[in-house]
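Accompanying notes for the structure given below.
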Amino acid sequence: MLRGLTLNGLGAVENEERFIELAGAGGFRAVDVDARGLIERLGTDGALNKLQQHGVVIGAIGLSVEWRAGEDEFRAGLTGLTEAAAAAQSLGCTRCCTYILPSTDAKPAHFLALATRRLRVCAQILGAFGIRMGLEFVGPHHLRTAWKYPFIWTMEETLDWIDAIGEPNVGLLLDAYHWHTNGLASDDIKRLQAQQIVHVHINDAPNLPLEAVRDNDRLYPGEGVIDLEGFLRGLQHIGYDGIVSQEVLTPDMPKDKPEQLIRRSKAGFDRVFAAAGISK
Amino acid sequence: MLRGLTLNGLGAVENEERFIELAGAGGFRAVDVDARGLIERLGTDGALNKLQQHGVVIGAIGLSVEWRAGEDEFRAGLTGLTEAAAAAQSLGCTRCCTYILPSTDAKPAHFLALATRRLRVCAQILGAFGIRMGLEFVGPHHLRTAWKYPFIWTMEETLDWIDAIGEPNVGLLLDAYHWHTNGLASDDIKRLQAQQIVHVHINDAPNLPLEAVRDNDRLYPGEGVIDLEGFLRGLQHIGYDGIVSQEVLTPDMPKDKPEQLIRRSKAGFDRVFAAAGISK
Amino acid sequence: MLRGLTLNGLGAVENEERFIELAGAGGFRAVDVDARGLIERLGTDGALNKLQQHGVVIGAIGLSVEWRAGEDEFRAGLTGLTEAAAAAQSLGCTRCCTYILPSTDAKPAHFLALATRRLRVCAQILGAFGIRMGLEFVGPHHLRTAWKYPFIWTMEETLDWIDAIGEPNVGLLLDAYHWHTNGLASDDIKRLQAQQIVHVHINDAPNLPLEAVRDNDRLYPGEGVIDLEGFLRGLQHIGYDGIVSQEVLTPDMPKDKPEQLIRRSKAGFDRVFAAAGISK
Amino acid sequence: MLRGLTLNGLGAVENEERFIELAGAGGFRAVDVDARGLIERLGTDGALNKLQQHGVVIGAIGLSVEWRAGEDEFRAGLTGLTEAAAAAQSLGCTRCCTYILPSTDAKPAHFLALATRRLRVCAQILGAFGIRMGLEFVGPHHLRTAWKYPFIWTMEETLDWIDAIGEPNVGLLLDAYHWHTNGLASDDIKRLQAQQIVHVHINDAPNLPLEAVRDNDRLYPGEGVIDLEGFLRGLQHIGYDGIVSQEVLTPDMPKDKPEQLIRRSKAGFDRVFAAAGISK
């Protein structure tokens, strides 16, 4: 497993080039950045050099297509998706992720039908560039009733949706926070196969009843009550050898300097990986 | 368009062989029967002879697979589906239909994900035998709230679901009753292409506010308030040349003799087809 | 059926704007042009106005993606395809076509495997924009042995390939020349369903044994020996209501003025459509 | 990796029940048998007991559908496939395999188009029962020209075909003999991902030029010149944890007693697994 960072939880980092430098200097080996933007600013060779120089790879790009709104918005994003996919491929990145809100004001079956077709098209385009697509289920209970109807929030539902999409390159983005708020255990991960997981997010949660845990109130790995040892042991058990990226969403941007926050993150990773008996 | 019958609305017909005889004698050219059962009783040649002798073809078979319950029930039906599809093909039948209940106690997005995969498998098996699969949306308002959550009941939703299923041999079963209770007009049919329609049901509705029309309270074609002239003109306009089968669901089985009910049906067909200017 | 033109056979037409003017003035209702280029020069509104002003629609765009060479070339074309598809859609065009060379120096089964995946991706992208993809089989015998191994040249093979691609929006481009050089008859068209045909090319062939007919030695409709009456009657019979575009490939560009060549084309269309009893 | 046997190379074993007993007694943990036949003779519980009692699981069943001949033969096998898949699932077997002849008398592109559609249907049916489908490429050079045209024989071609089939549950059956006769190395396996391999065959080859190695002239593992150490190290490297089944095709059935042949097989497995540093 490769330890990675997202910008969420790092405070005021100037830009993604600086993010790359800080991540590398802080002992991380992967960053979730916008491959296409990086190439636009640095060129492909410049971007590759930047990454290599700081010893990091790109973990995942975000799915830029608007698949939740109208058909026009969806179509308007497809050219950008081909460009983003080509950019990601040229920088060696093989993952693209999006998340699923657990409730919706739309009629949920119809919305899922539309989204199935749209995400299939996205997966097909990404697949042409050798990129896998990860779907992140979102567990916090308050979001399950934030909109009128329930949508999708469990791992099982998400796996069934992935089957409905039906493309070989689609899998899960497994986030420790959503695993925790779904009440899942290490054994639930052990029932998966490694290739069903496209990407992993790590973070921690406050000591609250599961129903009260809020989505944007996350802690750094090892600073909360999530069983991250079990989480990582589960991943290790099934042979997951991809990236584990920190994602700490907070109500306000942390005020500490990025260097400090990365040190704190590093300490957290070290603690939980050691607890899980994972040396690398 | 070929005029056909289902057993619904014909009273106490002894069996499907008798149904074939009555339909042919009554001036109808298609019957919706169980092809497999017919072959089991008469043999393939016997079944073909029976149909030919009475001048009828099989309109559509019903989808025998249980796609709405658990995975085991679903799988248990697949062998029967291959046999039913082979039987249908050997009797020249190219349509297989199922209907969609408009509400559900299950989480609707998850149920749609499961059903998308299952119906895709059914379509793939049917497709191997040259058979198309028709999905019937169900319009009556009381069924939209009969279970906890809304599911799928409009033509647009159904077309979007067909896209999500993603197999070339899937289309609509368009039923006049559901078209009526959805408040659709002739123009809504004219926006379709003929090949999007796998099968058509015809019947009529009492003169009630749309919200009060109940699913099993149907009338014979031409005896109610549905704009069947507009319905048929729409189908004619787009070049639909398939089958139009009567389906009259009633609270109790009609007590008249089947011969009488078929004459009544024939008179209704004659009236509404004439009104639509369709000679054959 | 809408009568249309391609640039092949019209001599030295300055550009596609001029082509639109000439086609409209000459009594044709469709042109096969590059929608994206038109929009780049005139803007979307300007392009729409131009087409409307001259009473023509766009018949089909060409598939811009290189699907026959290496993987890099293929991928490099996908951004352009999304742009071309968006352009076509914004001008009301719903067809995109490519042709199949009947022999190949590559191992043919492997090449077909690669091409199946690539054309599926193209169809999926086009489908997101409501555009169908037409595959044109190429009949002339000399091309069947122009490269080392036989590939695909019959209508049946092409239909089977379309099934292998497996997307609902893929069909045939039926060209009279290839129908003729395959020795096909009107009945072969009558066995099709209208929706299996995405686009139609019309032209004529010299009075030679089929084996000697060369691909780029075509005549104007009605000036040769192809049974265009049977060809058009077949299309009429199955209810094809799309576009029939002239495509006359010749060893050298015709020297007559475009206006003359279009009059000649118009006379040919009039003759063969009249022979087939098709008034519009 | 689980060590398994096929009947090929074991001489005159009375039946599959006896095969299960011999394999278990001989220290093997998997057998490739006909799950459906086993259940027909022993019942599901009886078959499960038999397997459990002798400490073996079913490695893979063979694909019973005739996908290489006409459409009628293909369709006629689909009912049997659903039954075979259900039987396999009920006995815990998750693999079904077929092989690809490297040349063909049919036009190869057309044959691949037909076979792509047919194998996709098979994969879809198997997938409904949680079963993966493995395609075995066949390397011996004499078979590449045994029929008129080249078809598919390399690993790369097969992977490209699997992409063309496009179902998530399709992968390779990797046979050491075909890997050897294709001139592949350990590194070629290391470039794969474990989930691309559905099943593995092991055996050995005589010391002949690659071009002269014949398909049915195989040796027991460790008795020939195939780099089985590199083969197994490659599988180990990518985390393959499935089954490795011996398949020794010979011109005549070996005359030794099955017990002797299994001991010989066991000694070969022990030797090559030890050489590869694989303890279990």
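Residue numbering begins at 1 within each chain, and the chains themselves are lettered A, B, C and D in the order written.
The rule is simple: contacts are C-beta pairs under 8 Å (C-beta built on N, C-alpha and C of every residue); 3 or more make two chains touch, one makes a residue touch a chain.
Because the structure is predicted, anything quoted here is derived from the model rather than measured.
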Subject >> Labels of chains that are neighbours to chain A and to chain B >> reply: C, D
Original post:
For the homomeric pair chain B and chain D, should the interface be classed as same or different, according to whether the shared residue numbers exceed half of all numbers used?
Top reply: same
Original post:
Taking each chain's centre as the mean of its CA atoms, how far is chain A from chain D in angstrom?
Top reply: 37
Original post:
Which whole number of Å gives the spacing of the CA centres of chain C and chain D?
Top reply: 45
Original post:
Which residue numbers or ranges of chain B touch two or more of the other chains?
Top reply: 120, 166
**OP:** Note which residues of chain C are touching chain A in the complex, please.
**Re:** 74-76, 78-79, 81-83, 86, 89, 120-121, 124-125, 127-129
Subject >> Interfacial residue positions of chain C with respect to chain D in the complex >> reply: 104, 107-114, 116-117, 120, 149-152, 157, 160-161, 163-164, 166
Subject >> Contact set on chain B toward chain C in their complex >> reply: 166-168, 193-195, 239, 241
